[in-house]
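Scrolling down, you'll hit the structures one after another.
Shared between the two complexes below is subunit A, which pairs with subunit B and subunit C, respectively.
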Partner chain A sequence: MELFVAQALNGLIIGLLYALIAIGLSLIFSVLKIVNFAHGECYMMGAFVSYYFSTLFGINPMLSVFLSMLVVFLLGVVIQYLFLRPLYTGAVERKDEYAILITFGLGVFLQNVAMSVFGPWTKKSPDFISGITRIGFMTVDNNRLAVSGVALLIMVALLVIIGKTFVGKALRAVSQDRDASAIVGINPHRMNILAFGIGVALAGGAGGLIGPIFLISPVMGILPGIKSFVIIVLGGMGSIKGAIIGSLLLGEIESLGSVFFLDPTRGLAYKNAFGVLLLAIVLLLKPTGLFGEKHVRME
Partner chain B sequence: MRRYLLTVIVAVMVGVAIPLLLRAYWLHVAIMALFYALLASSWTMLAGFAGQFSFATMALAGIGSYTSALLAIKFHLPMWLGIISGALMAALVGLLIAVLVLRMSGPYLALFTIAFSELVRITLNAEYQFTRGDMGLTVPHLYATISKVPYYFTILILLACSLLIMGLLLRSRYGLFFRAIREHEEAASAMGVNIVRYKIMAFVISSFFAGLAGGFFAHYVGTLTPNSIMEIPRMGLVIAMSVIGGIESLAGAVAGAILVEFLQEYLRELEMWRFVIFGLALVLILRFSQNGLLYPIYQRLAAKRVEALSESAA
Partner chain C sequence: MKKALFVIGVALLVALLGGSSVWCQERIVIGGVAPLSAPGAAESGAEMKIAMEMAVGEIGKILGKPIKLQVEDTRGLPEEGTAAMNRLADAGAVGVVGEFHSAVAKAEIEVANERKLPLIVSEAWADVITGKQYPYVFRIAPANSLFYTKVADWVKSIGAKNVVAIVENTDWGLGVDSVFNATLPGEKNINGQAISYTSIVAERTVSDFTPQLLMYKAMRPRPDLVMDIFTGTGEYLIVKQAAELGLATTRETAIFPVGTSALYPEYWETVGEYGVFSITKTGYHPLLGVTPAIMEFTKKFEDKTGKTPTFAAMEAYDSIYVLAKAIENAQSTDGDAIVAALEKIRFDGVLGTIWFSQERKPDYMYHQWPGAKAVLIQYTAKDQKYTDAELIWPAMLKP
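Let's turn to the complex of A and B:
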């Protein structure tokens, strides 16, 4: 029972981080109508930028997470402007193919840049808050508590921005109908830039937050990238609430599944396979996701 | 037709002359270049012609290589038979994938195949009592000599046969069906193209050649680890080769693979930076020249030739 509760709590914390990454991916999908195959690499960039802010410049680790979000936001703006903008100006034929290949290529590029600049070795970011806290019969690493608190904070802030502000309304309008929102005076190009920037910044923030809990490395983004695809497929492409539900679900499935697997000695080895298997099954049974609407094809 | 014959003859002569000119190290590079050429051309057939953007090529090559290696180790099957069984196994798995992804398009297909690749890689790593996982599976070599020349000719012949088969297929009406499916599935279907049959066909044939390349790789290199062959970045390298060469041409894929593999060795002192260069080249070429780098050059040369011919005729 204790093991179950401890694992469930672990799953919840990991689920919150997945949620940050997946909301970003979902936001990008709903506004730009593309799947960002470089999303995991943006998460990785966030982790390294935050690591270097706090170790090289001695900035407070928590503050450097927010600074890294800003850096990744700017990176996203540049990527969107240089490589994704042609999708919306009519400069590319076969947009689906272009969007897949260009984001995948950017992912490979970022990963190789990280290999060259940061080196292939794993690193560990400084603690947010050291020590442990006792809750009932369990002990929890303070870092994990801080991480889940901040992740929750960022998530709520984002939901408020999307739901309550004018910019959020404009983003939702563009995601529903590009042309109609252009007619009422919303600049869809600007919303593309904003959505892509915020989307990758969320992934970058998750990367910065994971630094003190797990090790960071240039290849760290591949699996979370795939998992965030799993999540948004589970939750329905483009739905933010679905992304949150899907993330918490996947976090729990992974951390409970690896302990209560049929063959516990191998559970850990297959931990990362659960999510992928889930993705394969969901795509097979309901190619548009559990809660998703019809796939929006790019025109 | 005469020009084609001439090109083929020149290509064969260059291919045969290469082992005489290169030292063992560069011969190894040449062998790897031809191995990648086979993978890149099989991906080009599936993605460039049939429009099915699958990321599972390396995983299928991995399935081919592990099938062949395990058959040789556990059942002492002759290696040639093993390589063919590996290719058939890959084709079978390709058939399975094709049937499963029939309803998916674009990003969903890409997601599914990435997920599939990771599943294969994780499983092969986890079942280490069969595959020895990351410790590496030692595989018998195809030939008893340490010379690389026989391997070179083996992969050269494999590549030539595969290119011939794929080339003939793509030049036939089936190639037209593939392209029709890529351009517009519904329209193709309305014109009477059986899209289910030809999508499956493209997947199976492409997977067969990926498995063939994988089987050769296993018995050439002699050690297999799931990560070395099936990593997503390696898939990225194959795609980069195909895109640099020109995504709609088998010859382009081969040229791209040879160019990238040789550059990669030539620029070895740049260490990881050369992959940064390839990554950058991939996105820039996609952005600014969607027909690739080599194909437009070839087209321009061909256009000049036609001009010169028509001038001399006039």
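Let's turn to the complex of A and C:
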């Protein structure tokens, strides 16, 4: 029982980290109607930017995370303006293929830039809070507790912005109907920029938070990027609520599944398969994902 | 005007072509393979490449011809290793040295054998690399069975009775695991107690080992030793997460990062104080004997990089010298002639006198350097260099 509870807590913490990456991807899809295949690399860039803010400039590690989110937001704005804007100005014919190619290419480019500039070696960001905390029979790293709390706060803040502010309403309007939004005075291009910037900034923030826990390297974004694709399909494309629920589900399934698998000594080897298995089952029962709606293509 | 331009053009061309007499000479291409980027162990690959470059720079010429070293990044991926070997063969390499990852070396030996390209594997330990007994494949690093059977003896000697491991799902990791599975379970330790061995396999891409470490922590009796049979980032994460969970290192439980990554300065940057009292292996330690060759190599390497070289660098350095010597002895760049020369070679390298066994039993001994050795060390302070760590085994080498 103790082992189950400890694993469930670990799964919850991991799920919250997944959620931060996945909701950014979900937001981008809901507004821009594209899948950002460079999302994992934006997560990686956030990790490195945060690392260098705290080690080179001596800035507080948590503040470095928020600064890295700002940097990655600006990077996202530039990427959106330079490479994705043509999708919405009629300059590109095969929009879906263009979006896939351009974001995939950007991902490869960012990874190689990181390898050249930062080097291929593994690094660790400074701790947010060093030491461990004992919660009854459980031992939890303080960094994980801090990161979970901050991830939760960021998600709550995002949900409040999306649900209660004018900007959030504008984003939702554009995600539902670009033309109608334009008619009522909302600039869809600006909302695209904002959505993409916020989306990658969330990934960058997740990367910055991960730094002291899972270490950072130029290829650290590959697996989380893939998992975030699984999560947004599982939760329903474009559904932020679905991304959060999907993330928590995935975190729990991976944590519990790898230990309580039929053969526990092989469970960890199949860890990445649990999420895909869950995805397959959910899609069989509900093809649009847990909270997804009928698929909407880019106009 | 046109005539003047023509004359200037020709003059420039002659200056460019004639500026370096080397450009006109035929060169001997020696190939190098190493992981220079993730997901491979880039820190090891980087030092191997530097060591190869140092050796080539010192040797200068073979058979009167300048050497061109072409190092390919295999990234720790078998398919990249295959592609790298084919690129080197196409580039006219007369021999190849290097490689760190066993899974990649396993792919590279197939190309070496198919294209009749002599390959000296510097630092990949899986038995099968020489176990396949390909005529074009040689190895300087120890084989898993050569070394880890002796580590099993050490485990018995320290009285461990509950040994657990997290194993990377690669040829090397699974090879080490199979040696421990064959030599530990059911055996008696120095106190006459039966030893149990439990291992969990994981992909190299896994970053959260907490569930499995929690499982080990919940075991009764508590593990005496946690074997971290991983390389690169995973090796660091297991040490870090085991300490964060209070599993190891404690009074009851030691941790043993079995890969090479614990020898690098990055170990301290990533695991910090959690690395103190961790145990690891090394193919070189000053107590094994500090020869003039080792001192010279170490000094040159430190002057160049500011870092202390590990045995991976020494192996790569010796591999280049061994290959060059074989080409000189053969007086030929033909693959078969080089192989024949390698089979007869005795070369005094940094790590000792290198020669290759012709024994076919056990199968991994064929073309294996029998003199390859490794010892166990234990860090006693943070940021400690591996050369200053305490040598804990073999006991007879302790001062």
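Just a few scattered comments:
Convention: the second predicted complex is superposed on the first by the 286 of 299 C-alpha atoms of A that agree within 3 Å, B and C clash if a C-alpha of one lies under 4 Å from a C-alpha of the other, contacts with A are read in each partner's own complex, and residues count from 1 in each chain.
As a working rule, a residue touches a chain if its C-beta (ideal position, glycine included) is under 8 Å from a C-beta of that chain, and two chains touch if they have at least 3 such contacts.
As the structure is a prediction and not an experimental result, all values here were calculated from the model.
After superposition on the shared chain, subunit A has more residues touched by B, the comparison being subunit B against subunit C.
In the superposition on chain A, A:80 makes contact with neither subunit B nor subunit C.
In the superposed model, A:139 makes contact with subunit C only, not with subunit B. In the superposition on chain A, A:102 makes contact with subunit B only, not with subunit C.
Contacts of A:181 after superposition on the shared chain: neither subunit B nor subunit C is touched. When the shared chain is aligned, subunit B and subunit C each come close enough to touch A:115.
Shared-chain residue A:3: touches subunit C; no touch with subunit B. In the superposed model, A:123 makes contact with subunit C only, not with subunit B.
Legend: residue contacts after superposition of the two complexes on their common chain; A:272 is shown touching both subunit B and subunit C.
In the superposed model, A:229 lies in contact with subunit B only, and not with subunit C. On subunit A, the patch touched by subunit B and the patch touched by subunit C overlap at residues 115, 120, 219, 222-223, 266, 269, 272. Of all residues in subunit B, only 51, 53, 55, 100, 103-108, 110-112, 114-116, 118-119, 122-123, 125-126, 232-233, 236-237, 239-240, 243, 271-273, 275-276, 278-280, 282-283, 286-287, 290 touch subunit A in the complex they form. Within the complex formed with subunit B, the subunit A residues making contact are 34-35, 37, 82-83, 86, 92-93, 96-102, 104-113, 115-116, 120, 219, 222-223, 226, 229-230, 233, 266, 269-270, 272-273, 276-277, 279-280, 283-284, 287, 295, 297. Per the touch definition, subunit A reaches subunit C in the complex via residues 2-3, 6-7, 10, 14, 115, 119-124, 132, 139, 141, 214-215, 217-220, 222-223, 255-256, 258-259, 264-269, 271-272. Per the touch definition, subunit C reaches subunit A in the complex via residues 36-39, 42-43, 46, 166, 169, 198-203, 205-212, 214-215, 218, 232-233, 236-237, 240-241, 244-246, 266, 269-270, 272.
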